[in-house]
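Some structures to go through are shown next.
Both complexes shown next keep subunit A, but they swap its partner, so subunit B is in the first and subunit C is in the second.
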Partner chain A sequence: MIRYLYYMIIMCMLINIMLNVPTFLIERRYDGAVMGILAAVVSGSLCAVVFIKALRQFPNQGLPEIFRSYLPPAIRVPLLLYLGIMWLIAGLIVLITFSRILQRFLDPDIDILILRIFLILICSFLAAGSSRSILYTAEIVILLHVPFVALLLVKALGHEYMDWEAVKAVGQFVRKTPDLEIISVASYIFTGYINMAVFNRFFRKEDKIRGLWLIPLAGFAVLFTTFFIPIGYHGTEGVASFIYVWVSTADSIRMEFGFVERVIYMFLLIYLSISLLFITMTWHVGAELLKDVFSKKQWAQEDDQRFNWTRWLICLLFSPTCIVTLRFLNEKNYLELTDEWLIVRYISEVALVLIVFWLGRKASK
Partner chain B sequence: MNRLLLIGAMILFISGCSGFKDIDKRYFVVGIGVDRTENEQKPYRVTLKLGIPSAKIQPGATNKFELVSEDAASIQEAVRLIKSKVDKELDFGHAKIILFGKTLVSQSIREPLDWFLRRRDIQLIGLVAVGDPSAREILNTSPKSERLPANSLILSLAEEGTESSYIVTESLSDFHRRLTEKGKDPYMPVIRPRNNSYVINQAAVLDKERMVGILTPDQTRVFNELIRKHVQFEFKTVTPKLRYNIAVQNYRIKYKLLHLHSSEPTIQITIKIKGEVEESTAPLFQEDWNKLEELSEEQMRERFVKVLTYLQSKKVDPVGFGLRYRAMGYISEEDWEAWQTLYPRAKFDVRVHIKIIDTGVIK
Partner chain C sequence: MDFNNTAVSTLLQETFKASNDFSTRHTVKEHWAVRYYYLTSLCDSIKLNESIEKPLLSSQSAEDFIDTLLTLGAVKQPDVSKLPELIITGHVVIQLMENVFSLDAKKSLNTQSQEVKIEHVLMGPQKALSEDLLTNINIIRSRYQKHELHLEQYVLGRSSKTETALLFDVHLAKPHILDRVRSKLLSIDVDIVHSTGQLEILMNNRRISLFPTMITTERPDRIVLNLSQGKVVLLLQGSPFALVLPAVFFDFMSAMDDLNQAYWISTGLIVIRYIALAIALTLPALYISLISFNPEVTRIQLTMSIAGSRAAVPYPSYFEVLFMLFLIEALVEASLRLPKFIGSTATTVGGLILGQAAQQAGLVSSIMIIITSAVAISNFVIPINTMSAAMRIVKYPLILLAILFGFIGTVAGMFFLIGYLANMRSFDEPYLKLFLGERRTSRPNKSR
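After this line comes the complex of A and B, so read on.
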């Protein structure tokens, strides 16, 4: 089962483009983003390792079960409510961003509301399924798409237009100290492990966790490419003019002998699948956490396969409400909100890791 | 029953695609040209080259197109006006060629460029060039060998077909980067019409606002070697005794900025060339190759220095010495201001190392 942990981590590493992470970092490229990336590698991997190790104390248990046995209801209920909503928002942000990108670059005539309704229906349907089937979906999607992403990155790095002087010029700003915002946005790359909050239910005591040292290495590589490839393509100054900087970067790469010359279409298709997977997984986790608040009984292994209305209801009620509220926001407000969410997420994530670490210590005594 | 309901619901949604237009109701724009008019009220003349599809592809016969022009105060207005002149929906998805008229480029490029970057359907891998005398005239040409409208421009500029050391190519994305980058200036190929065909053998160099000069074909070749990493080129060496031409298979260019704080800042450029003799007026095999190499090196050096000093005198830096300066760690505003005074008085120290590999099939 342990390989599924890595699929979750890879998924979050890939999805950062949809969560405005590169645009935010690039905006701050002269005030600490480079150092912020290095700091985020340390902080992110540390959180990941501590969380995963602490959860080893609770084999076959998710966060709701752990909270049930160690925390009083007065703390457990608001905590789960808050975490569940944070998870749902994560999926929602990707859904909104991606539907916007699809509308802009694939078919500007399409009604964005209909597009969103369809995405919500599909993702809710998948998210309402069993946890195991979501893990299996994750495996298929990741295995099918990572080779294409790798091809794209290799192509991008070796392309004639990639300007390493610009990369070096921005790299010279490494001495600027980053602020909390930069670290919190950059550390998003490492967040994949946090989905273990629910999926730990399927990780048995016998499962050995190997290869944790890969997390900082892969994270650094992903952050480096996500930040520096756009700079190499659009220059130290021009890069700041794009809203979805990676979509524009993919549009700047030409693959003469690809199926389609414009790499942007390959890029959009890859990200369609990865976004759907991400939305599904985060909504599933969010719904599972919220479901436990409303149910009296503790979750048991056989519940997973059983059809459950609550998950459907949670996804279907939550997302339309948000989409209606979002109609009052334009792209600018929305992107600012995303950045703010990323910062709140970082603080909550560190807090959650500490809580789980503390509970783990308690359990081992 | 459930399935039927589901299918029924899906059919209901299909009617939502009301904005969709079939391919036979679309006009594919294959080239966009922007020129400057005399009229101050309507300064932009936008010309769209609309491809007319044919059932069978034949060189010289199926490159049919329609050219529509409109003058307006902005590019967007002009495009809207053009829409009222044609019967089909304009589709910019295949607009790979973007031409700017020479008069427009000599005045300002920033303002008209914005529309191209902001539109989602203009591809960033599109190719930009200067049309001399005007963009419209270039778009109006249809070479005999062309199979699809505007295809021969794409073939030459994207290096899919011919690859010449005289043709510099520039994509919209790279042009935008250079236009904004501190320490790297933009350039564009210049296309001129010649009896129903084109000549592309010059390059226009621009500062951050407008064109400041056009290089001669010989300068363009050297310029191309400087800014690109792998062009195939050839050059000739003339000595009192004989003349020979060397075709270069591969070369490497490196540059260093030296003595930046002294009174004589130097830009040192090292070029390593490997090539074979392709043409000669006398047998070469028995000559002293080292001597030949030295002669070529000297003449090559002069060519490079000439182009570099020309660019320097125009106060532009398409090679990116300024960016290198920043990459070396001079990142503050004061450093950048220092570079502005540094670059115009920098000395070029060009070192050429040529290695002749063979003399071709004959001695």
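After this line comes the complex of A and C, so read on.
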């Protein structure tokens, strides 16, 4: 089972592009982004290891069950409500950003509302399915797409347009101290483990966790590429003029002998699958946390049904309300809001890790 | 000579009054008389001769004859009301003084195992199952010689009374799956059960379904392989197919030839099979997306040649696709129904002449002809027929999504398909899951 943990982590590492992480970091490239990346590697992997180790105290239990047995209802209910909504928002941000990217770069004629409704229907239906099925889907989608992403990165790093001087120039700002915002945005890369909040239900006591040391290494590699490749392509100054900097970077790469010559199309279609997977998984986790707030009975292994109406309704009802609020926000507001969300997310994540760590200590005594 | 219970005689005569194949024989020896009833159409005259007439002539007394009958497998029947039932199922009812016996004398037809018709292999067993249940069990037992192979018998269908055998390896099969299969078999309540496909639908309990969750196979070697992997096999009297369950997606993509060939050959063939599956599913949808939404995706030379071949076509790409796909589906369906001798004519007319003419008339592009045939060929690569039929249907929703959303629709549709299949279960086993960790029963283990 333990391999599924790594699929969740890889998924979140890949999805950072859709959550404005590179754009934000590149904006602050002279104000501590480089140091921020290093700090985020430490903080992110520390959170991951602490959270995963703490959850080992609770085999076959998810966050709702743990809270149920250790916290009073007055704390449990608002906490679960808050966490559930944070998870739903994560999926929604990706949905909104990515549908906008698709409209802009792939299909300018498409009605974005209809596209969003289409994607919401697909993801909410799959999010209503059983938790195990989502892990199986994740495995297939990640294994199908990671080779292409790797090819793309190798291609990008080895390309003649990649200007290593620009990378070195930005790298020299490593001594600038980062602020909390930079660390919180950069540490998003490591957040995949947090989905264990629900999926820990299927991790038995016997499952050995191996290879945790890979997390900081992979995270550092991902952050390095996500931050430096655009700088290498567009130059230290030019890179700041893009909103969706990675899409533009992918458009700068060409496959001379490829069936599909412009890498951007490969990039967009790969990220379409990964984004759909991310939305499905986060909505599933969010809906599962919210569902537990309303249910009287504790979750049991056999409750993992193939289709759950409550989960489906939660996803379906939640997403349109947010899409309506989008009418009052322009793209710029919205991107700023995404950054705010990333910061709030970091603080709540650290708090959640500490709570689970504390509960784990309590349980082991 | 008088019979004490004439009730038997009158009951049977009354019940089978209208059946001309009902026959009554009456033989009188010195001190005793025998009367026996049977349906001539169901009973084997050689068996009758061997097990009743010959012993009758050689027997000295009634007791002697009864002993012989019991040795030959006759059963004493105390309950008169059950007799018509026995006669219907091919038994002979023998009346001897106060006693009534029944003896199975059923004539078995189609006991020869047939040539493989659907799942051909290049190098491997060439005989399939027969239409006789006992012969089939015989074939399986002689290929799987373990006493752990258990057999349970059921009778399905109120009118057809189809004998059904449930076979499994008691050490390997999972008990909860067996319990579910048993309870489902007992809950089946229909008039007639004829085929394994029908049984599959009855056991699914779902009115609407698309993907098969049990394998229908005619190959004894596949059955035996699956038994050794802990699966459960259902056989029906009168059907040359067996039902194997639970079955996951990968089972439908495996051919028996995979076991007969060297590792890299079979791995290569499996990879080809999955590529073919991807082509059969997505090629029409990708064509529509490319022509009608994003012609700039492929490199310019390719786009130009596609556009050039489409220059004469007067309508949008999806008409072209739907038109050609309808023709090819109709052709497949027609060549299935036609007698063998006309079948090849249909394919020649349909495939060669029509395709060529449609392209020259400017109704479809020549690229579309290639795509249509690639889809049709790729579809037939899927080894198990039920899965190949399901995949034939699945490409149409993908085409619809491509018409609406182009590449986005196609990729999202594929994602949905993966998610949907992963969400399916075949008797609690995950349907689509990588790295199943199945028992490798016919290839060398890594350690050796």
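By definition in this document, the second predicted complex is superposed on the first by the 363 of 365 C-alpha atoms of A that agree within 3 Å, B and C clash if a C-alpha of one lies under 4 Å from a C-alpha of the other, contacts with A are read in each partner's own complex, and residues count from 1 in each chain.
As a working rule, a residue touches a chain if its C-beta (ideal position, glycine included) is under 8 Å from a C-beta of that chain, and two chains touch if they have at least 3 such contacts.
Treat the numbers as computed from the prediction; the structure is a model and nothing was measured.
**Student:** Here subunit A is shared; do subunit B and subunit C fit on it together or clash?
**Tutor:** On the superposed model, which is not a single observed complex, subunit B and subunit C fit side by side.
**Student:** Now for A:D251: first (subunit B), second (subunit C), both, or neither, which partner does it touch?
**Tutor:** It touches subunit B, and subunit C stays clear.
**Student:** Contacts for A:V141 in the overlay, against subunit B (first) and subunit C (second): which applies, first, second, both or neither?
**Tutor:** second
**Student:** Considering only the touch criterion stated at the top, classify A:A169 as touching first (subunit B), second (subunit C), both, or neither.
**Tutor:** In the superposition, A:A169 touches subunit B alone.
**Student:** First (subunit B), second (subunit C), both or neither: which does A:G235 touch?
**Tutor:** first
**Student:** Which partner chains sit in contact with A:I110 here, subunit B, subunit C, both or neither? Use first/second/both/neither.
**Tutor:** Both partners, subunit B and subunit C.
**Student:** Scan A:R262 for contacts with subunit B and subunit C and give back first, second, both or neither.
**Tutor:** The answer is both, since A:R262 touches subunit B and subunit C.
**Student:** Have a look at where A:F118 lands relative to subunit B and subunit C in the superposition and call it first, second, both or neither.
**Tutor:** A:F118 sits against subunit B and subunit C alike.
**Student:** Put simply, what angle do subunit B and subunit C open at subunit A, by C-alpha centres, to the nearest 10°?
**Tutor:** 100
**Student:** Between subunit B (first) and subunit C (second), which, if any, makes contact with A:Y161: first, second, both or neither?
**Tutor:** first
**Student:** For the overlay built on chain A, what is the smallest gap between any CA atom of subunit B and any CA atom of subunit C, in Å?
**Tutor:** The answer is 5 Å, the least C-alpha separation in the overlay.
**Student:** Going by the contact definition given at the top, which residues of subunit A touch subunit B in one complex and subunit C in the other?
**Tutor:** 107, 110, 118, 261-262
**Student:** Could you list, by residue number, the parts of subunit B that touch subunit A in their complex?
**Tutor:** That would be residues 13, 16-20, 117, 120-121, 123-125, 158, 160, 171, 173-174, 176-184, 228-230, 320, 323-324, 326-329, 331 of subunit B.
**Student:** Write out the stretch or stretches of subunit A touching subunit B in their complex.
**Tutor:** Its residues touching subunit B are 104-105, 107-111, 114, 118, 160-161, 163, 165-166, 168-169, 171-173, 233-238, 241, 248, 251-254, 256, 261-262, 264.
**Student:** Which stretch or stretches of subunit C touch subunit A in the complex?
**Tutor:** By the definition above, subunit C touches subunit A via 293-294, 296-300, 302, 404-409, 411-412, 414-416, 418-420, 422-425, 430, 432-434.
**Student:** If you look only at subunit A, which of its residues touch subunit C in the complex?
**Tutor:** The contact residues of subunit A facing subunit C are 102, 106-107, 110, 115, 118-119, 122, 125-126, 129-130, 132-134, 136-137, 139-141, 143, 258-262, 265, 269, 272-273, 276-277, 280, 306-307.
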